[in-house]
Every structure is written in C-alpha cells, then in structure tokens.
Amino acid sequence: MNTKAFDTNNTYIEVQNVDFFYGKKQVLFNNCLTHRKNSILALIGPAGAGKSTHLRLYNRLFDLHKDRHAQGAVYIDGINILDQKYDLIKLRKNVGMIFRQPTPFPMSIFENIAYGIRLHYKLTKSTLAERVRVALETVLLWNEVKDRLNGHAYKLTPAQQQLLCIARSIAIDPELILMDEPTAEIDAISAGKLEDLIGTLKKKYTIIIVPQNLQQAARVSDFSIFFNDGRIVEAVPTNQLFTNPTNKQTEDYITGRSV
Amino acid sequence: MKAKSLYQRRLVNFIMLSITAGCALFSFLVLVMLIIALCKNGYPALTKTFFTALPAPPGVDEGGVSNALQGSIKMILFSALIGVPTGILAGLYIGELARNTRKADFVLNACGILSGTPTIVTGLFVYTLIVIPSGHFSGFAGITALTLIIIPVTARITAEILVQSSTAMREAAFALGASQWNVTFFVLLRAVRSGLASAILLTIARISGETAPLLFTALNNNYEADSLSQPTASITVTIFQYALSPFAERNDIAWGAALLLTLFILAVTLIARYTGKPQYLSRPLR
Amino acid sequence: MRYKTVHTMNNLLTAHFRHLSTSEKILRILCIASVFIIFFVICGIISSLLYYSAPALKQFGLSFLFSRSWNPGTIQFGALTSIYGTMATTLIASIIALPISIMAALYISEFSHPVISRFFGTVIEILSAIPSVIYGLWGLFVLVPVMSSLVQPLLQALCGSLPFFKGALNGLGILTAGIILAIMIIPFTINATRQILDKVPSEIKDASYSLGATQWETIHALLLRFCSPGILGTCLLGVSKALGEAVAVAFVIGNKHIISLSLFSSGNTIGSTLVNEFVEAPDKLHRSALIELGLVLFIITVGVHTIARLWLRKINVVSGVE
C-alpha cells in the first residue's frame, strides 16, 4: 500500500519503496513516507510489525548484520543513504540513535560523551569540556552530574543513563535522532520528563520515535505512521489519527480491537 | 573545531582489519601445514601390516601397531565408561542437588583445581598410587589415569550446562510433583542431552590424545598384552617413542599412527560440533 | 574448620535423606561418592607427591630449587635448569601467542563476515583438539629443519651480537620449544578471548556504531576497555596451559640440563625432564627428585591457573572459559 506525503513542501526525509530482508525473509514491504524537518514522527503498530527494523534504516545499523539488506531508497536531505557508496561514518554522525535499553559505555560520565566527540573531532581539552557541558545542559542533566563527571556512568539511574545517551548523541551535532522506545526501561515520572525533553529537542533536531505506547505517541509526536506486518497502513498527523482514523485497521488497533 | 579526516580513520580501520585477519589466517595456515605433513608422511605408512602386525624389532621393516591400537581402544573405552558417568554424577551434584549452595561452589573449585593440573602430574599420581604398590606398569593404571582426567572435566561441563538450563523448566517439573530422580533423568538431562553428548565426545577426543599420563602408567609393550594388568601399548606412547627413535621405519610408523589418531580426533570433534554443541565449549588444550 | 567439615558431612549423609525414596537416596549417594572421588584425587596428588618426594626433600632441602646441577651419575639433583627452561619457554610462547590470539579473536568476533567467522571457529576447534604428541612430532620433523636452515641463521645474521642468538644452529632448543608451545596455546586463547568478547552486550556495540565509530574505533576505545580484565584472565589461563605442557616440548627442546642465555641452546623443562627420565630412572633418589619436580610443576601451574580463575570470577566472568 503506497502512502503519500503529508506535506510535499519542506521535505527532509523521503522513503521510497523500501523492502527489507532478514536473510531470505522479507520483513518490510514497499515502505514509503516523507517527513519534514524539526518535527516528530512516531512509528506505531503492534509488536513485530517492523517498527524497529524500519527505524534502523535511517542510520543503516542493519549493516552490522551481513545477512540483512534493504532495497529501495531513503533520501535524507536529498541524498539516498541506502546507496552502498554513501559514507556510513558521515551518515551515522548525522543520525543519532537512542535505544530501548540505556547504553552508557563502561566509563565515566565525561568520557561517555567525549567518546563520540573524539571520534569525529580533534579538540583541545577546554573545547571538549565545553561541548560536554553544553550537551549535558541540553538534556537537563548538567546540574545533577556536574560534580561527578568522573564518576562511572553505571552509577546513574536508568533515567539518567538514558539522558546521558541522548546527550552523547547530540554532542556530535546530528540532524536526525532515532529513538527506539526510549522510555521503556524508565519509571513513569522520569519518562514524563523525557517526553518533555523530546518536545524541546525538536526545535533543533528532526526526530523519529518508536513510542512505548499510543498515549506517548499522542503526547509527543506531530505525525504518526501506523505499521502492520511490515507495511505502512496509514500516515497522518497524530491528532487526526486518534480523533478520526480513516483506515479500518488503524481504528481497530487504536481502539484496542485485534488488528 | 577540526573534523578528523574520514580517509585517515578508514585507513586505520583497514590496516587493523588486515593485521587481525593475518593473525587469524596464521592459525589456518598452521592447520594446513599440520594436515599436509600428516598426510604426506603418514599416508604411506598406513599399510595392511600397520594395522595387523605387532611391532617389529628396530631396523626391521615389517612392523605394525596392532597391539597399540587395541590397547588404546581398550583404555579409552574403559576409562570413558567409568569416567563419564562418574563425572556426570558429580556434575549433577554441583548443578542440581546442591545448586547455588556453597557446597556446590566448593566442589566446582575443586574441579577447577583439577582442570588446572597438568595431566602429567595426574600420571605421576597414578604411578605412585598403582604402579609402585603393584610393582609394574599396567593397562589398569592407564585406565585409572585417563578416568581421573575425564571426571573433573565432565563434572564441570555437566554442571555448567545444568546451571545454564532453565530454572522455569525445573520448577515446572517439581510443581507437577515429580521426584528429584524423575526431574533429573527425564527432564533435565533430557533437555540438555545433545549439548552434553557433544561435550562428552570432545572429552573423549581429548583423552585419546593423552601421552604423558599413559607413559607413566601403561607404558608400552611390544607384544599382544594378555590382560590389562600388564604394561599396555597405546597409539600415543607409540608415536612418542617411535618418533624419537633413530630408525627411519619407526619414524614412518609414528607418522602413520599420528595420521590415524588425528583422523579419529577430527571425526569425533566434527561429530561433536554438529550434534548441537553449546558455543565454543571446546576442549581445553593439554 | 575440622568441626565444620564433619558437620557438612553429617548434613550430606543424614539430614538430606530423611524424606527421600530409595531411588533418590541411591542417586544422592552416587553423586556424593563421585564428588568424593574429586576430593580424593586432589588430596591424593598432594599427599602422594609429597610422600614420594620426601627422600629428595630430605637430601637436598630447599637447595633443590636453586641448584643447577642435575646428574644421575653423581646423584646430584637440582631443579633450577628445569624451572628456568619452563619459565623461558612459557615466556617465549606467551610473547608470540598472546598478541596473535587476541588479534585473531578480534578479527573472528568483530571484523569478519559470519560465514568466515564460522569457518575459523571450526579451524580453531580442530586445532585445539589435536593432541600435543602430534604437535611435537610435527615440530621435530617439520619445524626443526625450518628453524635450523632458515629462522636461526636469519636471526643470527640480523642480531647475532646479542647473547640470545648464539650457539649451534641445530634447530632444537628453547626458542623452538617456545614456538611449538605458542602454536599449541593459540587456539585455546583465541577461544577464550572470543568468549570474553561475546559477553559484551550487542546494544553497547550498536550504540558505538550509531555514533559513527568505525569497527576498529569501537574495538579500540570500547571493547578492549570493556574486556581487558577478562582478556588478562584468559591470557593467564593460556600461560598455565603452556607451563604444564610436557610431551610436545620434550620433542624439540634438546633435553640438556643447562642454563644458557641463548635461545638456540638446548634446555629442558619440568615436563620434558619427567617425560624423558621418569620411566628409565632406576635410582630411588632420582625418582624421588623427579617426583619433587612434578610437585613443583603442580604448584606453579595450579597457582597460576587458580589466580586466573579467581580473577575471572572477581570480574564476573564465571563460566567455562577454561
């Protein structure tokens, strides 16, 4: 099922007829969508519908597994990133990713953020420290950790760890941030704060998120894509999706009937 | 702010890739060289007399290793028959009966010490245990040495497999009112049998290559051993002694025996690998 | 302590059995009996080696460890040459084997395509299954000629002024033994290192790649940092394997009781001396001295092995790296 753009102006991402395979098994079928800058796109749908797989198209993380491959085209800013010649390092510097489980590295808080920066830039000590501070301030973690930057990242709470991971991503100036159920391992209160943060991040970044549940999609996203069995069923502005779904499958899912 | 050169980063990556690949390739080359040498030197020696004849006196061309073949088979077979069940029982104790207790930990540590003990020392121990009191080397002593090597290894592997096996499954079985006996033999061991079987095969492959402990216990024999209470020839000790012999035809026989032993171990290892072995549960080196 | 042991045994034998049926009692008794065999072997090794090395211990005392004369003719026995040879060969083996194995493990676990990785998995499996007597045979008939005709002349030409590369170029000696040992422990350490590497959660690696790191950057800045304690432990395990190896070394080390700085010189290790002399030792004191050597080997090897295991356990790598 082809799904057309929400908005043909101001297109930042355009996915064209993407099929995706685990070995011989096809898991995404003819995915098409467009998305514009500085807005939040939520991928919703039942478990196993291919949301996370779709999300990993944008930074080609599936390339780590040699048995997986994608066909079609994904344009970010007009460049097809599925092109084998497109530079993965450049791509991934441009596209940050937050995982379901917080993934701090086994090192200090400071080193965690410096890790990404050092990969891409040669900096003096003071500029490095400055960038680390800015990143932590952006995610509102600075005040909590400024006195223990050299403490081990594993000593942070899960919520703080997740914030640290976001800070680590934005420290290298991405344009697009992918989030795969970022609040799944976090308590409800911190999850609420993280949602607020996501809302503020969209001023600077474009975000694609697989939300933890429908409520979260409703709260944070501007646009929603409904997935089922690897196919994009419906793509609409989020408020419309909940108030006035046009597709029967979507409606069933949202109202809790089986799809 | 200066961006790092992508070209440079990728170049470093490629250089490290090449170096590490070279190291991996080295291990493969070693295997190729080993196999070439074994086939080239060993294959001509594998004649009919090799399998049927008794060892000839030094310098005579008509010798074989039939007695060593028999001795090896007997000793490996008997020690596996005794050692594997004993090891599994000890493993059951660690992984099931005393699961997660300090006793289990204690026994596991003991097994750890034994698995760190060079087999040559185990051989010395059996020498003092059996050869000195009985006054002569014997096949029984050889079997004892091999058995004592098998037990701790099998115990550790069994315990490890059991510990990794699902708690839910055990609890479900116990919840049905099954007895310990029943759970152990009809649920637990059944669930892990393929992993266990391949691990045991690897252990057998491993003891069939043991040389030093047999040298101190079963020694060697140029004749058909009437019983295991006499010194008993084995393939490995024959390889060792014939290889160091100054006579060329004995060297040839050593190569032939080495090829035979390698083929046997290769077959057992590959069978073990394809009977659902848990990953990398490989035999430790001796 | 003794009280505690007795108490434990009581526990084992009575308290546990109260509510059990006959078949379960039998199972328990069999299991416990098997466990006792393990303890019997440990105690037996220590006590019998001590008992039979008593004559040598009495005769030579501590000087056994520091005397370099080993002469069955004059009944003079000192372990220093053997200990030196064991250490020297193990050191050479470690220097060669450990970097190669770690690199190879990194390639197999991180760089390579899954198919290649599986292929090398099988290669390593086979290599680690090949017994030491075959490595020894190969060393004697294939490696030794290469050493004498190629490696040794080359080394001597390149850095012959060093004391390490002096002496006859017959291909035997400490260096050759070290190389054989290295080849033997490489498969073991590759396997063990891979097990450590595979313990790194894949999310962490994904996170690093999603930041735009190359494979080597991920390995260097993240994996090695994460794994270096574990890899250290596996290296120690590899060293303990090398220390205890006897037969393969006996083929190629030349078997002379001398200490020489030259790596081309013949020497002996504890294991090779035992293999060569034990069966033919007619003299009681000679045999006793050999058993004492075995005791020394037991202590060194089990010591290193236990340190490695405790270390691995401390850093939470509990399962079967060995």
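Per-chain residue numbering starts at 1, and chain names A, B and C are given in the order in which the chains are listed.
Going forward, a residue touches a chain if its C-beta (ideal position, glycine included) is under 8 Å from a C-beta of that chain, and two chains touch if they have at least 3 such contacts.
All values derive from a computational prediction rather than experimental measurement.
*Asks:* Could you tell me which pair, A-C or A-B, is linked by more C-beta pairs in contact?
*Replies:* Most contacts of the two pairs: A-C.
*Asks:* State the chain with the largest centre-to-centre distance from subunit C, centres being mean CA positions.
*Replies:* A
*Asks:* As a quick test, compute the distance in whole Å between the mean CA positions of subunit B and subunit C.
*Replies:* Centre-to-centre distance between subunit B and subunit C: 16 Å.
*Asks:* Please compute the C-alpha centroid of subunit A, do the same for subunit B, then give the distance between them in whole Å.
*Replies:* Here the centre of subunit B sits 51 Å away from the centre of subunit A.
*Asks:* On a C-alpha centroid basis, what's the spacing between subunit A and subunit C, in Å?
*Replies:* For subunit A versus subunit C, the centre distance works out to 49 Å.
*Asks:* Name the residues of subunit C that each touch 2 or more other chains.
*Replies:* If we look for residues of subunit C contacting two or more partner chains, we find 214, 217.
*Asks:* Which subunit A residues touch at least two other chains?
*Replies:* Subunit A, residues with two or more chain partners: 89-90, 119-120.
*Asks:* Using the touch rule from the top of the page, what residues of subunit B touch 2 or more other chains?
*Replies:* 9-10
*Asks:* What residues of subunit A sit close enough to touch subunit B in their complex?
*Replies:* That would be residues 87, 89-90, 119-123, 127 of subunit A.
*Asks:* Along subunit A, where are the residues that touch subunit C in the complex?
*Replies:* Going through subunit A, the ones touching subunit C are 59, 61, 64, 66-67, 88-93, 95-97, 99, 101, 103, 105-107, 115-116, 118-120, 165, 168-169, 172, 178.
*Asks:* How about subunit C: which of its residues touch subunit A in the complex?
*Replies:* 113-114, 201, 203-214, 217, 221-222, 225-226
*Asks:* Contact residues on subunit B for subunit A in the complex?
*Replies:* Touch list, subunit B to subunit A: 1-4, 6, 9-10.
*Asks:* In the complex, go through subunit B and note every residue touching subunit C.
*Replies:* Within the complex, subunit B touches subunit C at residues 9-10, 12-13, 16-17, 19-24, 26-28, 30-31, 33-34, 37-38, 41, 86-87, 89-90, 92-94, 97, 103, 107, 110-122, 124-125, 127-129, 132, 148, 151-152, 155-157, 160, 163-164, 179-181, 184, 202, 205-206, 208-212, 215-216, 219, 236, 239-240, 243-244, 251, 254-255, 258, 261-262, 265-266, 268-270, 273, 279-286.
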